[in-house]
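Below are two complexes that have chain A in common, paired first with chain B and then with chain C.
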Partner chain A sequence: MADEERRRERLDRGIKARTGGLYAVNSWREIGYLLAPRAGLVLVLLVAPLVVPGLYWQRVLCFAAVYALLAISFDFLAERVGLVCIGGAFMIGVGGYISGSLNYYLGLPAALTIPIGTLGGAVVCTLFWLPCLPLRGIYFAVVTFMFPFLATSIILATGLFRGTEGLSPVAGFPNAWVGIYLIMVVVLVSIFALRRLCGEDIGLVFAGVKDNDQAVLASAVNITRVKVYALFIATLIGCFAGAYISHFSGFVGVSLFAVDFTIMPIAAAIMGGPGSIAGPALGAFILAPLSEALRGFGQLRVVLYCVVLVAFILFKPEGLLNWATRKYHQFEHWVKV
Partner chain B sequence: MMTEEKKPLIRLRNIKKSFGGVVAVNDLAFDLLEGEVLGLIGPNGAGKTTIVNTITGFTRPDAGEIFFREKKLTGLPPYKIAELGVTRTFQIVRPYPSLRAYKSLIVPLWSQRARRFAGSRGGDRDAVAIDLLEEVGFERDAYVPYKLASALPLGYLKRLELARCLALRPEVIICDEVFSGLSMSEIASMVPLVERLRRKGVTLLMIEHRLRELFSVADRVVVIDFGVKIAEGKPEQVMQDKKVRRAYLGEELEL
Partner chain C sequence: MDVIVYGLVNGMTFFLMAVGFSFVYGISRLPNFAHGALYVVTGFITWSFIENAGLPFWLSILISLIIVSLAGMAIYRFIMIRVRGMPISEIIVSFAIALAILEGLRLQGIGGFKGFIGPGYVLPPFYDGVVATSWLMIDMHRLLIIVVGVLILGCTWLFTHYHRIGLALKAMAQHERAALMIGINSDRMALVALAIGSALAGIAAIAIMPLGNVNVESGYHVLTHAIAVCVIGGLGSWAGTLLAALVLGLGTTIMSAFGGTMWNNVLIFGLIIFILIVRPSGLLGKQKELEERV
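Coming up: the complex of A and B.
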């Protein structure tokens, strides 16, 4: 019996790839089968702010969403384009400082500063990292990791943006719900848009750059240009998170370049399922509240991250979502037999 | 036969390349003529792959110049050279393991050059990719073109390398040992493919160790040893050459 099913699964793969679209809209059951996990994600993210107890946990949820955006951005670059970029804090800082200073010095409203911070931040991050793009793997990672420290040092040394004091107050959102749902919707849009993008032709070129950049070069494609596109997309997401945080916390300072913004998304990505885009978001929504719940333990919380990381790398390297996806599809084959 | 009338398409002039103390290519010069199949042979370590890398921009020569028609290739990055229509396969195949076979052709089809040539079906890159795979000998079924590249045997990966070149509508294909590592029957099915490409007007530079198969398709042969050209001419002439026999085939071997 078990053998039969395994055979069936192998057979299905080819057919599914060929007629993906047709196969999906064959029947209501197929549509439901594909729709259920996606609808579930949308529902959970939209309903969660309503059901969590109190303002405090709503704010925790927002912070989790910020981490989720960073995790998505990290995962997209690392697993879909092959650029291991651990400069999440730099994106947060650049996006945050642009948007926060526009509000603090010029009094622009959040509706303007956040888009400017997002776009401008992405341009700045991309330009800064452009010279590092020929680097690969760990070398690119190390260089991007240095940028937040560089930015912190410059701000502290020169006293730009009021140095250590930071800019305060930065105007908040008109009301709490706008703030919460703004970031929830952006998380959802990022997940679905990036997953769609990876299936498009340019997404395949991204995958090509990850798998074998020499072969992409031999295909008359300029890999640096392709990497710039990918980097811009990823930093858009990261800088939005930064711009959001500046208004959300009403403060802009060097703490935006904190190393937490770099490390935590990586832990979330490994836990949630590298390469699945949605998985890292899931990981962030588990890790961030968990870390809040354990706030009483103070610095011992770091032990939790370490335990989670080591445990997942050792025992479940595929991560939560990849594991769940596999189980979900296997269940399908049971039914079909 | 008609060799005299053909125009040179790619000209190598005094190419020099050394890695550390090892001189891989030393003062090499030869022409690749329009529409011909030129074989490039030599013992292991003679510098054949270095020449391919130099022509296609993957390594820069220490000295010398390479021209494609009137255009100077030396100094251009690899993607610009491919953009001109000078394409290559890799001796050690370079597939995209995570992509399905036909999807891996989307990468070259996405390039500027392929888009310029894209006809009425330009938007439907998947269909073009499946056609290309059929052209290089993939089965047109619901199975093989849809396999992940990581699951394909070497014979198909070698064909995939060729398909990647074809996707760019190349003027020149430089084949770096497309026959190596293949079984006799797989090679037998590759030879007609080479013939077909030649009839379509594609110029081929073939690096091979399989001399029998190479000589069945090649118009001319260039023999190099230790980075130096030791003979050039028709296959049968070259094989009579004393230096070639000594360097490459060994004194006693009868072919």
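Coming up: the complex of A and C.
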């Protein structure tokens, strides 16, 4: 034996060779290989609020989580169901106004108003967008984009919910930690639940609606009903974010319909990796603190952030997470033959 | 009576705001969301030429129109060309450019740049004067806006119906592959479309801005109004664009005369949503059933 022969082997070779799926896991190494990224995500999200310095950055994390929820719901609708819905601000506004006004006018506690705001908001958003569902692609996008503007102008014109002033003292959370961990857990649950849902039968139908809705229609599936399911799930997530933010900032006003809540999640989704559900959350957790750190630069912040967005669309359209996943799967190490 | 005349003027301003966007989007299917930004940029460049460089009015208008159309071409050549054919990416990219330009104009303190903030930026009107009759009092500039609008409508209509390049642009919108096959260079045509569209945005800026002052917010307003007019009127249809502009102009003027200006936006956004749901291709647009709805 002059020198022993070695070759390069991919870490996931054993798994890929058998099924290409998650299910054939028969050694601790493979379980670890599959589990490491997921456990990493859970750990990072749960530990981050403990590690960041001070109350201010904890609040920034919570805002990042709100954007993450919106980005997840945008990504699920756009990449998995084919409904490009850029009305994130409408979901935030509807959820926020429902839970905030319940607390302000009736004095209900957050434990009641958030679930009511989430469910009721999702029902309201789904009903409002139901007539738009036959629209395709860019037309659906423009319609949903216009809804928050319409809501703002109606509230300003009629003076409903005290118009421009907004409803000011909305009760906060009893404990800061409850507020923080509530949204972190919801982010985690929605990431894993949506990824799971996309692997189920209904997920296949969603993918079919995205790729070729005529074919789905031809196999006797009511696509409007399928789209309503998807829309309800996505608006549930968005309206939770809205209901949360009304209690978190203790204020409900037309600023909940601000265009930031529409643009920022899209930027996060594009940066993080469209179609991967977890990627947009990652993008939001990068972008929101980044833009907060750049707050001192004033308007330069917005400029920088647009430049980043354009650069990602032009030069890395697959996004961060899809790129990282590819690298993780392609990682090779030397083994003896 | 004056409501109708002012409504006509208002409708023409809507038309001027929308014509550049409609030219680019309706004809060559490039959603140029940087339209509002180019509009504002023209205002500021012209102002700087007049006030800082001391150039004569017409010369500074000419130079700034050239600069803006070059900027529009640069946006296409270096950025939009890479995402051609992906509508959502096109929208996001061009909107990001618009945001960067508009917020960049507000930057302060870099290289002694003070940022374009405040009410001091006012463009001079074409012709100072007031027309007063027994039943109406209107300044000359508003009447000239109608003249400019009609001129532009005529020129663009003739251009897209009789000129070689205009016809080529229409061919691209109808069927890009077929247009390529008969020798129309689609990238060059898109460059032309963006150059003309940006120049139209610039003309709109020079015509409309003397009515108020030059400010950054108007960039966003122009964008939403342009989208409103294009969507309601129907893409690629000049008659539809004009009709929608007049409807919106008269509608908002009547609204502000009787109900209060805050109902204007309700009218605009409500109409957009209603028209999109009922008839996505707009009032006079050609229906393309399967592209728009299931």
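Observations on the structure shown:
Assume the second predicted complex is superposed on the first by the 307 of 337 C-alpha atoms of A that agree within 3 Å, B and C clash if a C-alpha of one lies under 4 Å from a C-alpha of the other, contacts with A are read in each partner's own complex, and residues count from 1 in each chain.
Here, a residue touches a chain if its C-beta (ideal position, glycine included) is under 8 Å from a C-beta of that chain, and two chains touch if they have at least 3 such contacts.
Keep in mind it's a predicted model, so treat the numbers as computed, not measured.
More chain A residues lie in contact with C than with the other chain of the pair chain B and chain C.
In the superposed pair of complexes, A:Gly95 makes contact with neither chain B nor chain C.
Using the contact criterion defined above for the overlaid structures, shared-chain residue A:Gly273 touches neither chain B nor chain C, since it reaches no partner.
Of the two partner chains placed by superposition, only chain C is touched by A:Met146; chain B is not.
Of the two partner chains placed by superposition, only chain B is touched by A:Leu204; chain C is not. With both structures placed on the common chain, the touch criterion links A:Ser219 to chain B but leaves chain C unconnected. In the superposition on chain A, contact is made by A:Leu309 with chain C only, not with chain B. Once the two complexes are overlaid on the shared chain, A:Gly121 sits clear of chain B and of chain C alike. With both structures placed on the common chain, the touch criterion links A:Gly253 to neither chain B nor chain C.
Once the two complexes are overlaid on the shared chain, A:Ile138 sits against chain C while remaining clear of chain B. The residues of chain A shared by its contacts with chain B and with chain C are 214, 217, 223. Across the interface of their complex, chain C is touched by residues 78, 84, 131-132, 134-139, 141-143, 146-147, 149-150, 152-154, 156-157, 213-214, 217, 223, 263, 266-267, 270, 298-300, 302-303, 306-307, 309-310, 313-314, 317 of chain A. Of all residues in chain C, only 31, 79, 82-83, 87-89, 91-93, 95-97, 99-100, 103-104, 106-108, 110, 115, 224, 227, 231, 260, 262-266, 269-270, 272-273, 276-277, 280, 291-294 touch chain A in the complex they form.
Every residue of chain A that touches chain B in the complex is listed here, in rising order: 14-15, 17-18, 201-202, 204-205, 207-208, 210-212, 214-223. Within the complex formed with chain A, the residues of chain B that make contact are 56, 58, 77-80, 82-83, 87-88, 90, 94-100, 103-104, 106-114, 125, 142-143, 146-147, 164, 167-168.
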